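Note that subunit A is present in both complexes that follow, paired respectively with subunit B and with subunit C.
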Partner chain A sequence: MKEQLNWQRIVMITPAIAFFIIFALGPMVMAGYFSFLDWNGVAVPKFTGFSNWINVFTDKFAGMSMLLTLKMMILTWVIQTPISLLLGVFLAGKQRYRSILGVFYFFPLLFSSAAIGITWSYILNPNFGLVNSLFHALGLSSLAKDWIGNPQLALYTIAVVIAWQFIPFHTLLYQAGTRQIPDAIYEAAEIDGATGIKKFFHITLPQLKYTITTSSLLMLTGSLTYFDLVYVMTGGGPGNATMILPMYMYKTAFMDQRMGYGSVLAIILAVIGILLSLVMLKITGFNKMESQMEGV
Partner chain B sequence: MLSTAAKPVVHFKQKKIRKRSRLNPLLPLFGLLWLLFSFYPVFYMLITSLRSQAGFLLGVPWLPSAHPTFENYLTVLQNDFQKYFLNSVIVSVVTVFLIVFVSVSSAYVIVRTKTKTVRFIFNVFLVGLAIPIQAAIIPIYVLIGKLGVYNTLLGLILPSVAFGIPLTVLILVNFIRDIPNELYESMALEGITDFGMLKSLVIPLTKPALMSVAIYNFVQVWNNFLFPLVLTQTPDVRVMPLAVVSYQGEFTINVPVLLAAVVLSALPLILAYVFGRRYLLKGLTAGFSK
Partner chain C sequence: MKKLTKAIPVCVMTALSLSAVLSGCGTTSTAAGGQNSNSKTVTIWDISTGKQQELVKKVASEFNSKHPGIHADVQFFQNDPYKQKLQIAMGAHNPPDIFYGWGGGILKSYVDANDVYDLTSALNSDPKWKNKFLPSVLKGVTFDGKIYGIPINNVQPVVFNYNKEIFKKYNVTPPKTWDELLKVVQELKSHGISPIALAGKNKWPDLMYEEYLVDRIGGPKAFNAVIQKKPNAWSDPAFIKANTMIQELVKMGAFETGFTSVNFDTGESDALVYTGKAAMQLMGGWDFANILSTDPAYIKNKNFGWFSFPTVQNGKGDPNDIAGNLSNFYSVASASKNIKEDVTYLKDAVLNDTAVKGYIDIGDVPPVKGIEPQLQQNQYGDWLSFIYKLVDKAPNFQMSWDQALPPEEAQALLTNLDQLFLNQITPQQFSDNMNKYIK
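Up next, the complex of A and B:
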């Protein structure tokens, strides 16, 4: 009896379901319907069947933006993972100076992506920006570049700024993960004569397996939503050099007012996100993660 | 006998500490270098926001100004900053309150009810974790328009609540599961209803978790950019991240004023970090490192 739904429980769970269905799940499903429309958001929508979906395959910008998204995904993962892993292991040590450093590492997380985008676009400004001024002052003028105005560099520059913003968060995850490794394992290894680097590769790294998965999953799905920073720093440019999928979707739907075609891109975005989550969960499994924690 | 047995242990521990601090001399060096890369841009933000316009153009950009001035902050405050700030406070506080309130009641029901329906509802919330805001924004824009709340603070609050719910429910379910069954049973013997259990048992016992999810959601909502960008239009409903971008249009050349606005826009989070670092850290990593 106690485990059944009664009217009180129905009253308690309904608001959350209502909010979630009306403003999150429902819109996701509606995006599916929209993807069959030719609609500018104002006029009467016209049902066009699969034409938006067919257009995606012939739209070279859509293909390009998917490639750029993939590139961004790999780039940000490659930059963030080793750095946050090392920093996390470093900060997990008990020395006081490390925890003080940790306080300062954390600051980038306090600002919105919009604020960070603006600040970095001035730091990287080709004329008076901090980065180029430093290079000139150090006599390394050849290293001074137009970081966000150069189509060859813009995507890399943005990937670095994204890493700057989110490494603190992943460092926290790795720090927590490292602290959960039992000291006994290290002690046993030391008795067997393991040295620093060996201990890192044979104990720390394997023990952090689940943290690496969690952090990577968050990075990869997160890279599908890097919109704010791109919008503020380059707006997808120069040319289309940073037109990653979320940016292209926004441009199509809200600037060119092609709601139907934008919805196709939105669905592709969601499907990639959900597939990524499923694949990663399959590899590790949250259940396994829990039992591992219990073992500790 | 006892003392001799204890000695090797102490000896072993000392040896261990020495060994550990000796390993990887490169790691502390890397740690220090990272300090430069991670904190210096923030420091640059601060010192530049305290420069005069002339000082910015003529001074040494990487050093603090010899004559710091708060004038830029005054300029920002005179440009409707309080209004935007207040909008952000209203949206964030109301959203966070609603998220936490509806999530904790659902999490309670999910933990305490063993029916297929509730199990299914929980799974639906879990699927919701994978929905990126970007993927639903077009229908949300249409829906908010149809509901007549486009360009209002309410129109920002409603979808923000929806997107905060899945992760919050998941985290709270994990915590409420830890409450021993006996507590519920003894309260049930006294004839306490589900509402009573939520109020006098679940909420007091999960307070730390509630604080964490509240902070996590506050940061998310305060810094959200896409909803305000798409769902509002006029300055009277402008919130912080959008305000900063609009200042960029207004003060294009006056970088110090703009960076003062950037610093002010993060003020609640900076203050939270300075005074309640522990809670903010917990809040931000809620659910990921449990």
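Up next, the complex of A and C:
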């Protein structure tokens, strides 16, 4: 069916397009322009050509923050995917208690990142926090750690908090994906004598291929935007232990007041995000998505 | 017709979200005071909280009722977001008439961009007004002999405060020298008390140790060389020695476990001291008012003790030198359309008699000359007089380095200090890293 562009459609899409130009395209173009300036945000900007772009290659902190971002990306994927997949499949069952469980379980989805960051900072506080108090009360004092104040632990702790925040969302995706799998396939397998574990590996998992792709794509590109939680919980510290690329960009542009260099980092971040999406789509053939219902 | 009814909710939604974006969020504004149609509005951005905020509002509405031709509109913001908001407003050449600040490096960057009105001639034409303030405090807003701001609230030198009950229980007395401090730390540690509370997450509390030790060891000249951009100024022996002493202090476990994740803004480090988990804290004078509002009983029971930063043996610096924030300041934006009214507000409302009395009542010391009798009469007179005398007799009042330095160098300083406290870098590496920022 061919879509026609009549005046009603134009009226309807105008606000969306206007918003896109004002809030997405405009800032990107501006960032591109700023990246050639030496500017503190207040004084008269100085045009410096490519010097900001050349600096990126000699700035060891930029390299370090990219590595940390990569580490964060892998960590959060590894933690979230198995848990949300298993939970999603479990919650897709038909028993009533599972729906009730699911309702409680999806609570973290309702909170903003800032609220989550502040709450977890309190819970993880080394002196008054719930986690360490619990360990001390149970006589497991050796497990009480300085969760976000220890440079070796901070990134892992934040990855776990991020997982706590986003696993419910991905569980929802997997739950929906599992419910789409036709019962007929399972019935046929049962006739052939397949057990629960075999059914999971030979039917559920392959059938969830596209759900895994979608969820992974969201996780990986999402990991480029974990600014808020890091800002609230550690501010990039201790030392530089959690200075992931978005945090480093904010720090250079707004705290160090180097708008030009911050813009370079922002562009790099945007390009990585776009490339990541394109590569993922290419590898997984998402754009050729065929119906899973064919032949059923 | 059917299509049109569908379009209406969409348009309403768009309009709503647009108005939400445009109106902005998170500010409260004083609407008090009569505003008649031909009065000129003076917009003021401020970040005071709690009792200070109430006082600022009270002073503004008094001013408005006495000046029918001027309407002062004070808007309040949160500390950290405010710094960025002001920066962006300045960059967009759309600042408020009067803005709140700390003096030093950031104000200097606005002055260099010609965004701040020079108040020198206004102050000189009214000597009574100019001579009202403690001269050491005006230094923070004076560049090339011109004055770009006036003090608005309280002097904020950094001193140790301690839990008297804990000190008494373990029979230790406030240390006068660094060696005595180390002994007190040892003694308290042996009883399982964290000797010193440190809010390491914020990083600027680390800086207080650095500022004091460098001044006690080498005098003000070590840091002045940094400000004057002398090559390798950060390698001065005073920095190396101070940083070595800091790392010794960390290694002996002087600070509470997990100090790098303890947050001052949420009152965690204060809580360590008033709940008796830690014995003392090196903190700005503003901590008194903070604790007074979170745990008034601690102050009423006279558990709040204080002492100046200890002396260091063979140090060249004057032991009476202090460090901290001088005060906060109001500056006038040169883009303001009502400069005359702005100056009137600064002259008549800021730190007038009502304000001075108000600050003293909430435990703050305004940087105003001749208020000693008032301070002594107050129920917290001992503390207030101590702070006033400290500032009055200090040969050098060093403005916090992170305010005095340009932003990029200040941020690098805080990160490197964080790493020094974490033992990730040596004093030598600290100096090498920081020397790169002297350009």
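FYI, the second predicted complex is superposed on the first by the 270 of 296 C-alpha atoms of A that agree within 3 Å, B and C clash if a C-alpha of one lies under 4 Å from a C-alpha of the other, contacts with A are read in each partner's own complex, and residues count from 1 in each chain.
By our rule, contacts are C-beta pairs under 8 Å (C-beta built on N, C-alpha and C of every residue); 3 or more make two chains touch, one makes a residue touch a chain.
Please read all numbers here as calculations on a predicted model, not as lab measurements.
By the document's definition of touching, of the two partners only subunit C reaches A:W147; subunit B does not. Looking at the shared chain after the overlay, A:T234 reaches subunit C, while subunit B stays out of its contact range.
When the shared chain is aligned, subunit C comes close enough to touch A:N127, but subunit B does not.
Touched residues of subunit A were counted for both subunit B and subunit C, and B has more of them.
Once the two complexes are overlaid on the shared chain, A:F104 sits against subunit B while remaining clear of subunit C.
In the superposed pair of complexes, A:F201 makes contact with neither subunit B nor subunit C. Applying the stated contact rule after C-alpha superposition, one finds that A:F254 touches each of subunit B and subunit C. In the superposition on chain A, A:G41 makes contact with both subunit B and subunit C. When the two complexes are overlaid on their common chain A, residue A:T119 makes contact with subunit B while staying clear of subunit C. Of the two partner chains placed around the shared chain by superposition, subunit B and subunit C are both touched by A:P15.
Looking at subunit A, you'll find residues 8, 12, 15, 41, 122, 128, 254 touch subunit B in one structure and subunit C in the other. Residues of subunit A touching subunit C in their complex: 8, 11-12, 15, 40-44, 121-122, 124-128, 146-151, 234-235, 237-240, 251, 254-258.
Those residues of subunit A that touch subunit B in the shared complex are 2-6, 8-9, 12-13, 15-17, 19-20, 22-28, 30-31, 34, 41, 83, 86-87, 89-91, 93, 95, 98, 101, 103-115, 118-120, 122-123, 128, 130, 133-134, 164, 167-169, 172-173, 176-177, 186-187, 190, 195-197, 199-200, 211, 214, 218, 221, 224-225, 227-228, 231-232, 246, 249-250, 253-254, 259, 262-263, 266-267, 269-270, 273-274, 277, 293.
Against subunit A, in their complex, subunit B makes its touches with residues 16, 19-24, 27-28, 30-32, 34-35, 37-39, 41-42, 44-45, 48, 57, 61-62, 98, 101-103, 105-106, 108-110, 112-115, 117-118, 121, 124-125, 127-143, 158-159, 161-163, 165-166, 169, 184, 188, 193-195, 198, 222-226, 229-230, 240-242, 244-245, 248, 255, 258-259, 262, 265-266, 269-270, 273, 277, 281, 284-285, 288-290. Looking at the complex, you find that subunit C touches subunit A at residues 3, 7, 10, 14, 84, 87-88, 90-91, 109-110, 112-113, 115, 200-201, 203, 256-263, 266, 268, 271-272, 277, 407-408, 411-412, 415, 418-419, 422, 424.
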